[in-house]
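Below: a set of structures, written as structure tokens.
In the two complexes that follow, subunit A is the common piece, with subunit B as its partner first and subunit C second.
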Partner chain A sequence: MNSRVTLAQVAVGLAIAAFLVVFLIAPVLTVIYVAFADGAGGFTLSHFISFFQITLMRESFLNSLYVGGMTVLVTSLIGVPLAYFTVRFRFRGAAIIQTLGVLPLIMPAFVGASAMQLLFGRSGSVNLILMDAFNVSIPLMDGLNGVIFVESLHYFPFILLNLSVALANIDTAMEEAAQNLGASGWRLFRRVVFPLALPGYIAGASLVFIKVFDDLGTPLILNVTNMLAPQAYLRVTSIGIDDPIGYVICVLLVLFSVAAMAGSSWFLKGRDFATLQRGGAAGLRRQLTPWQSVIAYSLVVFLLLLVLSPHIGLLLLSLSKVWSYSVLPDDYTLANYATILNDSTRMMVNTVIYCGGAALLDVILGTAIAYLVLRTRLPGRQWLDHMSTVALAMPGVVLGIGYLRSFRDVELPFGMGPLLGSSLIFILAYSVRRLPYALRSCNAALAQVHLSMEEAAQNLGASRGRTIMRVVVPMMMGGMLAGFVTSFITAAGEISETILLTSRESLAPMSYGVYLYMQSIAGRGPGAALGVLAVILVGLGTYLSNRLVVARQAAMERR
Partner chain B sequence: MHEPVSVDVEKVTLSFGNNKVLDGINVTVKPGEFFALLGPSGCGKSTLLRLIAGFNRAQSGRVRVAGEDISDMPPWKRNVGMVFQSYALWPHMSVAQNVAFGLEEKHLPREAVRRGVAKALELVGLTELAARKPGQISGGQQQRVALARTLAIEPRVLLLDEPLSNLDAQLRHHMRRELVALQRRLGITTIFVTHDQEEALTTADRMAVMDKGVIQQIGTPVELFDTPVSRFVAEFIGSVNILRGSIVGGAGGDARFSSSAGEFGVPAGEENHSSGEISVAFRPHALLIARQDADRDPLRAWLSAKVTEREFLGEFVRYRLQAGDTELLADIPHRHGDEGFANGASVMAGIDPAQMRIFTG
Partner chain C sequence: MKPSILLLSLATSLPLAAWAQQTVTIVTSFPKELTAAYQQAFQKRNPGTKVEILNKATAAGVAYVRELRAGERPDVFWASAPDAFEVLAKDGLLTKYDPGIKGIPNKIGNYPINDPQGFYLGQALAGYGIMWNTRYLKANKLPEPREWADLTKAVYFSHVATSSPSRSGTTHLTMETILQGEGWAKGWEQILRIAGNSAAITERSFGVPDGVSNGQYGIGLVIDFLGLAPKNSGFPVEFVYPSVTAIVPANIGLINGAKNAELGRKFIHFSLSPEGQELLLDKAISRLPVLPETYKKAPADWPNPYTGKIRAKVNFDSDLAESRYYVVSSLFDQSITFRHKELMAAAKAIIDAEKKVAAKPNAQAAKQIAEAKALAFSPVVDEAKVKDQEFLKIFRDTKRSAETTKRMTALEEHWSNEAKSNYARAVALANEAAKIAN
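Let's turn to the complex of A and B:
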């Protein structure tokens, strides 16, 4: 590594630092400041006290905790058995489950929420059938239940995927030793397997809690407003950007996010979970007995039907002419798609511009930060990494409100109008919150470029800049593309920031469009059609870029 | 502890897909015996051990412990203790919790578990480390914990899968002696898998050499070293010289063996009737070296050879000789003041016929 720090490095480092401070750190600090400021420049806790004096706020607080906790419980009930069966037993369809498990993540939770109402609500398909047959109904979609149900079906892959990786990494000898000493079945799982896989479970569970605790879209679509995130949104939009209670809620959201993350890393710190030991083999799969097969398959089929129900429901809804008080739509039509293609091209264009811009910005920033951290001795370079990681713990609602507050008077140059009314604000907001993920991809990609590759280029006369352009970036392309796609997809499904920042309809991206349409009964059909189009767009993008990455990788190895 | 029991493996055959890993295995381990399974990696020895523990299932054949057929019994009912190569200590439990595990699975009362743990830890001398986590103790200590954890359940049979392979050389020697002493004291029937012939020779009462899923020979270490039944066994245990050639002239009693290194009479035996290529095998210490003009013992078979390399190892000198197109090793005891033979010296190498083994092919 060349140890000289160049002027260019300093300039790039400072530029990135300035970007992160202005568009991430400052808005968040502003939110926290307002929550504790007494309006005369002093410190006060009075906003917090008045928050807890309002019955609705206390209720919202408890509801958010309840929904977060219950969702973790339900996602565990779905994710843990699925992970265990697919990793530990030999049965057909394990690969399908692992793949289908990712599917819910392609479609944001709020998109499927209305369809779930039609399937599982008071007068939804399932309850209509149950009423007919047994004269009972299940209040699955009532109030908080609905939020828990929808979020659980959406977020259980976090537990499934994390736990699967952890389970697959357990040395089989660990389990065999327990069997050798007399343990089997449930006791084997409870005493040895699950404790060993705990790191994966904890990582997944804390992520689920944070996501659900911060979610704005799903409760709003389901008309549940007595939770923290919806309350923050309502206070800021109905009472005004200066209402301190909204900021108090933001501080609570941040606090719980940080606590859940810190808690899970504290819990795992100092524990020796390095389970794959020398001489160990991982991944032996057991045979199911016939009875176990029957139970396992029925469980898996049931869970898969459940998991796919938002997608099936959305598709049906998008194709329905009328669908109410009936098990299935009464009549089918393609009119919804026609409506969307007529009315919503603007939204699609917006989505492509916002998400493409944000993803591009993420990859550029990510590559630059990765290079500065891994390849230079720029003083304070680690701070760029640390600062961008802050975004991981920042709920969209908080950043959205922070932007509204911090940039309310900011005008763009050359008479382009206010920053808050421009496309740029979406690109900035989307990119900042996805930067940690893009950075991770770029870091991994750069770490794979051996230093000697760069030294060889410099040895042959390429300057540092030329080396980056001709050797480093081409070799990192696969990782950068992966980062781009991740950023694009997650930005396309973003709703919390989007709802807050969409100040007029011409600015709305597809996600806001779905949210807007779903507000009215008549809009549900077109909204579902827009959702289906978004899912197809995102799915197609993922598939094509995967193909591209694989092809590039293959081409790289052939050379 | 239980009365020592026997282990019988009868006609066991096991394939993974098209790959025959165990092929018609027959082994009887006597009660209280320290039995070694020796062979190169991939020979099936670990598979056989795991079969006895119940982690592999044979397509045919039976496994009996104390005469009882356990072939269809799940691993957790067998009471056949196994120490894993990786130790497989659970990182989320302390040393004491690891050792207590098997006793708790037997639903013993708390007090009995406590006593069992204390006894097992004392057996391996680790009482004071009971509260530590496996990650906080050394490799040698981990090995003892794994042993204590297995012995705590008082298994009928002890299975050891390459138990010393993860230790450094010095510790390995020490643990080897300790393991033997412990086994003698407990009198527990023990089956021990290793790829290290020295480990097997020094510890085992009897041993089996395996290759390609087939047992090549079973016997005491001395039997296997002195009278190997095949070239594979001869080459796998200790060093061996091999002369390749064929039988010429004579029949039965006075058969002569001819190779590029020379011609000499060989003891009568089945193999001598074979008309094809045969191998004459003998250990480096079965060779004598003499000057070409010296008087020579007429009972030995003498070949003319040239010294190409010598290594002085203190107790003996190891010579590398070129005889015809064959390279021979000779270990000659060192006598005080004896300078031996120099590199390049032309010598005669004499083989003791009683120590020759003849194999076809």
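Let's turn to the complex of A and C:
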């Protein structure tokens, strides 16, 4: 490795650091500062005391904790058995279950939430049938229940996927040893398998908690406001950007996010379950007994229906003319799609620009940071990595409010108006929060490029820049593309920052459009149609990029 | 990544910011159907202009305008609630404009259609009423309601929905209309009982018509067009004006310190012209035009407030409404929105006890039920207090210094706790009464 630190490296490093400070660190610090500022430049805890004196705030705080905790519980009840079945048993449904993992990625929770009311609400399809047959109804969608239900169906794959990976990595010799010693069934699972897979479970569970704790869109669509994120939003929009209570809530959101993440990584560090042999060879999957198969298959079919219900509901809603107090819509029509294509092309274009721009920025920054960290000796290079990782723990609401507060008087050059009223703010906000994901992909991609390739290029006379452009970047392409796509699709479904930052309709991306249209008086049809289009757009992107990545990897291997 | 993508995204994103010159910006709480119709018609009429919609709940809209500096503000404020316009005018955020349209009467009933001082204009007329889902009522064997008082009846328990005044300007008007029509104490009693019968207090006024249209709720308190539009769009819903209603204008006004005041005036003029008024007759919009001649083009069953067919008993006093705007909103939130579960529990306990006592009359139990009702259905702020100028001042202070914030929070906290304990005592009393009657 060339160990000399060049001027170019310093310049790039400083530029990235400046970007992160201005668009990530400073807005967050501003939020924290306001929460503790007494208005005269001093420090005060009085806003926090006020916060805890307001019953509604205490209640919102407890509700958020309750919803987060309950969601972790429900997602575990769904995710743990599914993961166990798919990894440990010979079972045809396994492939289907593992594909379910991508569904939540392609449809944000709040989009599905609006359709869920028509399926599971007070007068939803399910309750109408139940009322008719047994005269009972299940309050699945009432208040906090609705939030827990919707979020659980949305986020259980986080547990499923993390746990599946962890289970697959367990040395099966451990299980065999336990079996030889006479353990089986529940005891085997509880005493051996689950503890070994615990790190994966904890990683998934803490992620679910954070996501639910910070979510703004789902509670708002479901009309639940006595939770922290909606309260922060309402305080800041209807009382004003200077209302300190909104900032107190932000600080709490940050604290809990950081705590959940730190807790989970502390837990992972504390337990080293490294096993000698990496696990579950196919032959070791157990056979289900006929009865077990029946149970397993019914469970899978039931869960499949449940997990697909937001998608089915949304599709039905988008095709319905009138859907009112009936199990299924009265008439079907394509008019909602016509309305959307007529009115909302601007929103689709905006989504592509914002998310494309943000993803591009992420990949560029991610590649640069990865290169500086892995390939240079630039002093303080690790800090770039650490700084961008801060974004992982930053809830969208917090960053949104931070942007509104920090950039309220910032004008763009050349008379392009205020920064907050431009599309640039969306690109920045989206990219900053997704940088850690892109960075991870780029890091992994660069780590896989062997140094000797670069040395060979330089021996042949290529300059450093040329080596990067002609050798490193092409070889990293797969990882960069993966990073791009992750950034793009998560940004397309983003709603917390979006609601806060959308100051006018022409700036609105599709996610805001769905939120707006769902509040229409002539029915939710157009909103659902826009939601379906968004799902298709994102799903198609995911599929194509997967194909691309796979094709590229195959090409690399042939070489 | 291909550099062409970068160029493309930069090229498409930058000009967006530079468009500001020929744009008229409108802050509105109206639904997409309505704003989209005016946007398209105005842009067609005036090539080269662009209508920019900022869709915000009324209260958030007021906060938004207030926070911007003069010269950066949007051009037009367009919303139902006249009291929001009063607030804006008082803060010097509106500026006078007379479009000189002929044929619009001065008053509807006793209510001036245009602001007498000229800061804002009536653009459509609106009455407040009750909508219901016909399928829901039939399935649950409920009678059709006619009056607000009907909604206080036990049969409607958990079938009603309403929004809250702090979130929806039109709900604020509805509540204020009831308060003015029935008086402070009796009005609150009615409101609290209706809220006690409500299955939900929704986040925005749209939540109510939306929930009634798709059958989540049976009955909702709404501004007329939110009930008429789904009805005219084919949903199985009906709408009625109760006798304690007020016909008030939905307003439009030019913002002081607007970025593009000239185009703002043009838009206001357009919205009041015969062409602009006719847009209100669209099925998905279903509003009452302010220009009497437009009704000639309306379908036969279109409600026409100028013929006196809608009986509006209440002469809405917007000064009174404005003076207690924050008190009514905050009181509603503290004792209803945030304490809804407890209020519903109290209503339920009272209904159950009343049923038992009706079956087996008992003087002691009846007395306790009356006490429980008095506790649960009286406002925690009495009429004398709400006339006290010193008291009202706390809420009108928009500067919100740390001191007033503290005082306000303390007051709100006090109301909230008092409401909570009242509801709990009402439940206890009602349960006791039920036990005696058992």
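We adopt the following convention: the second predicted complex is superposed on the first by the 548 of 559 C-alpha atoms of A that agree within 3 Å, B and C clash if a C-alpha of one lies under 4 Å from a C-alpha of the other, contacts with A are read in each partner's own complex, and residues count from 1 in each chain.
The rule is simple: a contact is a pair of C-beta atoms (placed from the backbone, for glycine too) under 8 Å apart; a residue touches a chain by one contact, two chains touch by 3 or more.
No experiment lies behind these values; they were computed from the predicted model shown.
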**Request:** Identify whether subunit B and subunit C fit side by side or clash on subunit A in the overlaid structures.
**Result:** fit
**Prompt:** Is A:Pro195 in contact with subunit B, with subunit C, with both, or with neither (first, second, both, neither)?
**Reply:** first
**Message:** According to the stated criteria, A:Ser423 is in contact with first (subunit B), second (subunit C), both, or neither; which is it?
**Reply:** second
**Request:** Give one of first, second, both or neither to describe whether A:Asn180 is in contact with subunit B, with subunit C, with both, or with none.
**Result:** first
**Request:** Check whether A:Asn135 is in contact with subunit B, with subunit C, with both or with neither, and answer first, second, both or neither.
**Result:** neither
**Message:** Output check: A:Thr289 vs subunit B and subunit C. Expected answer is one of first, second, both, neither. What do you get?
**Reply:** neither
**Message:** Looking at A:Asp171, would you say it contacts subunit B, subunit C, both, or neither? Reply first, second, both or neither.
**Reply:** first
**Complete:** The answer to whether subunit B or subunit C touches more of subunit A is C
**Asked** In the superposed arrangement, which partner chain does A:Thr99 touch: subunit B (first), subunit C (second), both, or neither?
**Response** neither
**Request:** Answer with first, second, both or neither: which of subunit B and subunit C does A:Ile239 touch in the superposed model?
**Result:** second
**Request:** Could you grab the smallest C-alpha gap between subunit B and subunit C in the overlay, to the nearest Å?
**Result:** 45
**Request:** Identify the overlap between the subunit B-contacting and the subunit C-contacting residues of subunit A.
**Result:** none
**Request:** Show which residues of subunit C lie in contact with subunit A when the two form their complex.
**Result:** 1, 5-6, 9-10, 12-14, 16-18, 20, 25, 31-33, 35-36, 50, 52-57, 59-60, 63-64, 66-67, 72, 133, 135-136, 139, 166-167, 199-200, 202-204, 206-207, 209-210, 213-217, 225-226, 229-230, 233-237, 284, 338, 400, 402, 405-406, 409-410, 412-413, 416-417, 420
**Prompt:** Given the complex with subunit B, which residues does subunit A contribute to the contact?
**Reply:** 171, 173-174, 176-184, 187, 191-192, 195-196, 198, 271-275, 277-280
**Message:** Please output the residues of subunit B touching subunit A within their complex, sorted ascending.
**Reply:** 53-55, 74-82, 84-93, 101-102, 105-106, 133-136, 146, 149-150, 153, 162, 165-166
**Fill in**
Given the complex, residues on subunit A that touch subunit C span 38-39, 46, 50, 53-56, 59, 117-118, 121-124, 220, 223, 225-226, 237-244, 321-326, 343, 349, 353, 356-357, 360, 363-364, 412, 414-418, 421-424, 427, 480, 484, 503-507, 516-517, 519-524, 526
